[in-house]
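Below you will find the structure I want to go over with you.
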Amino acid sequence: MISFLANPLRFKKFANVAAPIFGLLALFLIGSGLYFGLYNSPEDQLQGHSVRIMYVHVPAVWTGMAAYAGMAFASLLAYIWRHPLSDELARALALPGAAFTALGLITGALWGKTSWGTYWQWDGRMTSTLILLFLFIGYMAVWAGIDDKRRAARIAGLVAMVGSINLPIIKFSVDWWNTLHQTSSVSMPDAPGLPGSILLPLMLMTFGYTFFLGWLVLSKMLNKIASAKTRRKRPAAATTTLEKL
Amino acid sequence: MNSIGGLIVRDIRIALRSGGAWLLGLVFFAVFLSMSAIALGGEFKTLRPLAPALIWLAVVFSLLFSFEHLFSDDAEDGSLEHIKLSGMSMNAYVLAKVCAHWLLAILPLIIALPLAVLLFDLPTDILLGLFVSMVIASPALVCYGAFSGACLVGFKGGGFLLVLLTIPLVIPVLIFSVSGAVSFQNASLFQVLEFQALAGISLIAAAIGIPAAAAALNTVME
Amino acid sequence: MNSIGGLIVRDIRIALRSGGAWLLGLVFFAVFLSMSAIALGGEFKTLRPLAPALIWLAVVFSLLFSFEHLFSDDAEDGSLEHIKLSGMSMNAYVLAKVCAHWLLAILPLIIALPLAVLLFDLPTDILLGLFVSMVIASPALVCYGAFSGACLVGFKGGGFLLVLLTIPLVIPVLIFSVSGAVSFQNASLFQVLEFQALAGISLIAAAIGIPAAAAALNTVME
Amino acid sequence: MTTATKTSSQLVVTDLAVSRGDNLLIDGLSFSMDAGDTLWVAGSNGIGKTSLLKCIAGLLRPDSGHVVWGEQDVHKYISSDTGYQGHHDGHKPNLTVLENLRFWQSVFASPIAPEYALEQVGLSAQINLRAKGLSAGQSRRLSLARLLIKRASLWILDEPAAAMDAKGRSVIHALVGEHVASGGCALIASHTPPEKIGNNTRVLTLSGAEHE
Amino acid sequence: MTTATKTSSQLVVTDLAVSRGDNLLIDGLSFSMDAGDTLWVAGSNGIGKTSLLKCIAGLLRPDSGHVVWGEQDVHKYISSDTGYQGHHDGHKPNLTVLENLRFWQSVFASPIAPEYALEQVGLSAQINLRAKGLSAGQSRRLSLARLLIKRASLWILDEPAAAMDAKGRSVIHALVGEHVASGGCALIASHTPPEKIGNNTRVLTLSGAEHE
């Protein structure tokens, strides 16, 4: 699959077909997810209507994390095989990934305001989500700050890979730190125990977000390939003559 | 006047070209606050009373390091020599740099203040107090910083020396700002004694700092 | 081996020649602690529980900015090219730089630790805890910092980006160090869970950070 | 050697002594230049050419003596009628060639269009390239363009031909020729054999106290 | 143009393409050099001399093609048998001349005494001066001394004569002559007319696609 798509031409064919499908799927899934989530699901006894933020919040955080994982994996492929397409993939994942993470943070904050009365808590999950956002921003800053794109790709790839090795450490430390210090920890309902009426819109939204991410990434990469084609033809190289003195 | 404007425009343009590097003062601000909150255990109960002090420390440290390159880039690559030979007065040059720096480094922090307050769950009147104290105190910070930055030109690894030079000048600003922000809760703007003091310090800093920086640059270039 | 030693000696010599600039990491450490104490009101009662966190924050920020010039000086003046052409492996080069940096930047902080504790009137077992945590955690700090520093070569105004890249890596170190220093009071060295975690992180950081920094330098040089 | 009549574009150097570190490089140097004069400064490496030029530009304080240009001592009031090209080019690596020049145009309040100056030095094709992408010779050309934009009467050039190809050297020659023909003065430090430019070309050779 | 026999000190460049930014500078360049050969690289400013030399040294990745020196591709395994002198001198401003060289001696694990190398390039008097106090030409001489200390068989010199006085230029000439006579190779980019050094001196002229 990977080596199949590594060819830009084949990739272009695949993406031309897949992008609109992903887009439509995303539209349908998110639409129905919102319908079930906002209208056709029970209120929470404790939290009332504000529980519905969950259908935006939880999938957003998950998609953000998935985007980071994809970015790190694509960077690894690019680093080993020096394939420009995987660099483009990693790069295309960064901005949407950061956006989903930010969305997760914002909706989480809103949710927090309604259920705990504060926008923010220094809680383990929340803190590690914030750090994830920092990692995304750092990755994008490297791309922005280095002119030569071949170089930028490799450095950014290293940043993504080192970050991914460190993510488990961050998560572990932060969770553990939080349990040590935070006595009145807030209980979040565990996903597996959720009733179907909550699970259904949650899953619809999650897949919807994922396809939306896929659509964004594929269209961005198609754009890149197209603009690389239309870039003005390079001027001819110098002619070289070698003569004996 | 024209060339002051030109300089400000150039500095802003260079900043925008640097791949978002200028925005990262803001990032440092955010990172400093998060790191402090994490290191201090993360409970609002402990954090809330410390917040004004932490936010002001974040402002000071986020600015501090930005002064290192304020003049040294121009000095090292030779453009300062050409500016001197252009007949532009050093005072005008320093003024232009200071204005550009205010726009690039301080304005974003002021705009981001509400976010910082979110992190500590602070009441709005303290936010307002912080806001006013930053507006009043920022000229003092920039002018003192510019003076230290000018003294350090041509001094490799000067960042830390910068700290040493600027800090004694900045400590009064820090003290007045923090306590001004806190006492603003119970008073109207013009009653807060600390803010009056800050305004005075800002005036003095501008009146002394800019010519002193110009003099330092003149000396350093020789 | 010989050339690793040569590099370390050279770096130390350059540092000693730089007009005391290397010592100023220490100065920043002191200034940070005093400023925090001043901004936070200055009472031992409030300061004492915050002290381990503040001291570790001071260590992290004092180190942070020192990585900016770790590789960029060699890269900009062209010596890195000659080192690459000397056949010395980049890993060896990074290792030498990291060792020199440990000696120049971290050792002074470790030595100065007792002084810092004086400022906050801390009991000796917390001092000991801080001491152990610094020794165990410092390889992680230097190696992550070296990686960020290498990524930033040729990146003007990189200081702030450095912050952004290093911080996520350093947060676990910070968390474990602070709470390790505190829990050391009631336990023996090898029982402290945090110290075991720190040792693990240091190992991982060295194993990843040094080759990653070397790879980044190789890329940046092209 | 100093003359009594002072016109506004006369350079008078009186009894100048310049030192660097512990070394006295130049001592008791006096000369004067009138409109249209060219002075080559020659001498082996490390003899003090750069130091002398910087001192005449007002950028380095002499141990003793005076440099008077346009009736004012340049070490009291720096003269903005001086154009200097030193060993460092002074371009901002992240700005394009055109932006770099535009900036200098606004600083010098000059009416000359940057595009015109770039054409003169043969850098029109690089107009939108960032300065850090310039080759060694192109970077020198850009500082020559800055000199043109400034329109100063006194030109002080420190090895302008370094890193320049043959075409570039002839461009410099032509530009300096035009400059002195229109009543300017030029001081040029160089390791290439001095050539006659304008009516009054002289060579100031520093020699003797070789530090090697 | 490549030859079949590979001796250990042969440089073979095959079908090299080098680009900078969006510009393809050099395309399809092939040549080879044997022990004792000298190759001058000539061409106008910005044509790609520096880029070519960096690529041959293994410091810049080519778009395509290979550079084989001593039987190994320099872009796979960097060769330590290459001595390079670029536009940047690479001295530490706060170390003295001698300390700078001592450091390189330890990095190169070389048996040559720094003092001897400094004498060869005429820098004995500045031995205890900090590198930041060197004049432009003295700084170039110091990097020449580093080249001597390294004792590599392939010399790659990018405008070694820039900022050098006449004596300095003849020193370079003599050193390169000695180097090729003892079986080394030398590649020299220069704007001065090429001179014959050793038995087999050739000139590689880059021309045509002027980017100006």
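Just so it is clear, A, B, C, D and E label the chains in written order, and each chain counts residues from 1 on its own.
To be clear about the criterion, contacts are C-beta pairs under 8 Å (C-beta built on N, C-alpha and C of every residue); 3 or more make two chains touch, one makes a residue touch a chain.
Owing to the predicted nature of the structure, the values given are computational and were not obtained by experimental measurement.
Peer 1: Tell me the fewest steps from chain A to chain E, where a step is a jump to a chain it touches.
Peer 2: The distance in steps between these two chains is 1.
Peer 1: Could you quickly compare B-D and A-B and let me know which has more C-beta contacts?
Peer 2: Higher C-beta contact count between the two pairs: B-D.
Peer 1: So which chain is farthest from chain C, going by the mean of the CA atoms in each chain?
Peer 2: Measuring from the centre of chain C, the most distant chain centre belongs to D.
Peer 1: Using mean CA coordinates as chain centres, what's the gap between chain A and chain D in Å?
Peer 2: Computed from C-alpha means, the inter-chain centre distance equals 56 Å.
Peer 1: Could you grab the centroid distance between chain A and chain B? Build each centroid from C-alpha atoms only and quote it in angstrom.
Peer 2: Roughly 35 Å, centre to centre.
Peer 1: Between chain A and chain C, what is the gap in Å from one C-alpha centre to the other?
Peer 2: Measuring from centre to centre gives 31 Å for this pair.
Peer 1: Rounded to a whole Å, what is the gap between the Cα centroids of chain B and chain C?
Peer 2: So the centroids are 26 Å from each other.
Peer 1: Show the residues in chain E shared as contacts by 2 or more other chains, in ascending order.
Peer 2: Residue numbers touching two or more other chains: 21, 43, 94, 211.
Peer 1: Show the residues in chain B shared as contacts by 2 or more other chains, in ascending order.
Peer 2: 18-19, 21, 24, 27, 31, 38, 41, 156
Peer 1: Among the residues of chain A, which are close enough to touch at least two other chains?
Peer 2: 134, 137, 141, 145-146, 174, 177
Peer 1: Can you name the residues of chain C that touch chain E in the complex?
Peer 2: Counting only chain C, the residues touching chain E are 2-3, 5-7, 9-10, 13-14, 17-18, 73, 76-79, 81-88, 221-222.
Peer 1: Which residues of chain A touch chain E in the complex?
Peer 2: 148, 231, 234-245
Peer 1: For the complex, which residues does chain E have touching chain D?
Peer 2: 20-21, 43-46, 50, 87, 122-126, 129, 133-138, 141, 159, 162-168, 191, 210-212
Peer 1: Going by the contact rule at the top, pick out the chain B residues touching chain A in the complex.
Peer 2: These residues of chain B touch chain A: 18-21, 24, 27, 31, 34, 37-38, 41-44, 47, 118-119, 121.
Peer 1: Inside the complex, what are the residues of chain C that reach chain A?
Peer 2: Against chain A, chain C makes touches at 147, 151, 154-155, 158, 161, 164-165, 167-169, 171-172, 175-176, 179, 197, 201, 204, 208-209, 212, 215-216, 219-220, 222.
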